[in-house]
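Going by the order they are written in, the chains are A, B, C, D, E and F; count residues from 1 in each one.
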Amino acid sequence: MEVSARNFLKTTVKKVVPGTVNTEVTLELAPGVEIVSIITKSSADKLQLTEGKQAYALIKSSDVIVAVD
Amino acid sequence: MEVSARNFLKTTVKKVVPGTVNTEVTLELAPGVEIVSIITKSSADKLQLTEGKQAYALIKSSDVIVAVD
Amino acid sequence: MEVSARNFLKTTVKKVVPGTVNTEVTLELAPGVEIVSIITKSSADKLQLTEGKQAYALIKSSDVIVAVD
Amino acid sequence: MEVSARNFLKTTVKKVVPGTVNTEVTLELAPGVEIVSIITKSSADKLQLTEGKQAYALIKSSDVIVAVD
Amino acid sequence: MEVSARNFLKTTVKKVVPGTVNTEVTLELAPGVEIVSIITKSSADKLQLTEGKQAYALIKSSDVIVAVD
Amino acid sequence: MEVSARNFLKTTVKKVVPGTVNTEVTLELAPGVEIVSIITKSSADKLQLTEGKQAYALIKSSDVIVAVD
């Protein structure tokens, strides 16, 4: 599948922390480089996310804010 | 400064492509791992983004969609 | 592929209007029910969107604002 | 009222599922075509959403990601 | 009309700068407190925004990032 | 620090309401002009938000929808 969002990054699921409503998923982009995603619990269940599984982080380029010191 | 957004990733500016309205900024998170941001031209000018400069990618955790094959 | 976003709607491309920077894509969800998406020109080219082609509209549930009269 | 967001779709409330924090609202755009919205519980109360009520789905065009097989 | 988004702020249009694709709208929330919105040119035309006109800024609470020094 | 987001507004924390998952933060932009932000509880803890504290509201210009009567 192809998507219009510019960032479609290969990752490995590092941690899955289910809450009462949402699940917090930590994805490893590279050794030591992680990105956190919060998705609904039902989505997490549907995707069967478990540590070590390969997943993609899909991020629109307009959702990436740039900051400099 | 501390921000409520969960992802505040250290990056290096890899490429800056100014358009007529927006500027496309490619940020390197790790060797070979890049993320693209689209910001307004006036913001790019204000931040003085140039290749090799250190910058941060600020992404809300709810803006990270997770996908699996 | 499975995605964490709750809305993954089957549509037919109705209209593709390329601009200088972005492309406006009209997707038909059902006869007479359309949704407009604005994506970058490079994404539109990559997806090879043309009228009549089948496509999906991917929308996070938190991006749907509800209004009532 | 007129809004700058491009998508302002007439819908019928199909299902309202209140959680501890958020409420999940399913809106029917056309027979068999539904879209899910997650809003805060206080917003759901304010809007008095009930099954069968007419409502609008307000979606920015830049929040619609396009995907193709 | 009632909307699920938490922030629906009364403002006065302070400046309207049309570009080739988008229009930049500066809205005054209070004397000296301004917020900038970027909308498509076609939306700006539809809303007939002109300096001095009353308008509303509609912002989802999850789109407000909080920062502290 | 400089950010690409156009709106970086000085505010005073008016109210902090912790929930089970998220915290609702009311920020005062000017006397009588408030904006509500919903952030995760862990972010609220990290930022040590308390009433009267100075904080910034960071909002992308594309996240500000404009409406007129």
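Everything that follows uses one rule, which is that a contact is a pair of C-beta atoms (placed from the backbone, for glycine too) under 8 Å apart; a residue touches a chain by one contact, two chains touch by 3 or more.
If you want to know which protein each chain is, UniProt gives these names: A, B, C, D, E, F = TOBE domain-containing protein.
Quick caveat, the model's predicted, so the values are computed rather than measured.
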Task: Chains touching both chain B and chain E, listed by label - done: C, F
Open item on the list: Tell me which has more C-beta contacts between its two chains, D-E or B-C.
Closed with: D-E
- [ ] Name the pair in A-C, A-F or B-E that forms the same interface as B-F; by residue number, over half of the contact pairs must coincide.
- [x] A-C
Task: Shared interface numbering between chain E and chain C [over half = same, under half = different] - done: different
Open item on the list: Suppose a student superposes the Cα atoms of chain A on chain C; what rotation angle should they report, nearest 5 degrees?
Closed with: 180
Open item on the list: Roughly how far is chain A from chain D, centre to centre by C-alpha average, rounded to an integer in Å?
Closed with: 24
Task: Distance between the centres, which are taken as Cα means, of chain D and chain C, whole angstrom - done: 16
Open item on the list: Could you work out how far the Cα centre of chain A sits from that of chain E, in whole Å?
Closed with: 30
Open item on the list: By the touch rule stated above, which residues of chain B touch at least two different other chains?
Closed with: 1-6, 20-21, 37-40, 43, 47, 58, 60-62, 65-69
- [ ] Chain touch graph shape: choose line, ring, star, complete or other and state it.
- [x] other
Open item on the list: Show me, using the given definition of touch, all chain pairs that touch one another.
Closed with: A-B, A-C, A-D, A-F, B-C, B-E, B-F, C-D, C-E, D-E, D-F, E-F
Open item on the list: Help me check something: in the complex, which residues belonging to chain B touch chain A?
Closed with: 5-9, 24-25, 27, 29-33, 35-39, 43, 47-49, 53-69
- [ ] Give every residue of chain E touching chain D within the complex, in rising order.
- [x] 1-6, 37, 39-40, 43-44, 46-47, 58, 61
Task: Complex contact set, residues of chain E against chain B - done: 19-22, 38, 62, 65-69
Task: For the chain F and chain A complex, residues of the former touching the latter - done: 1-5, 20-21, 40, 58, 60, 62
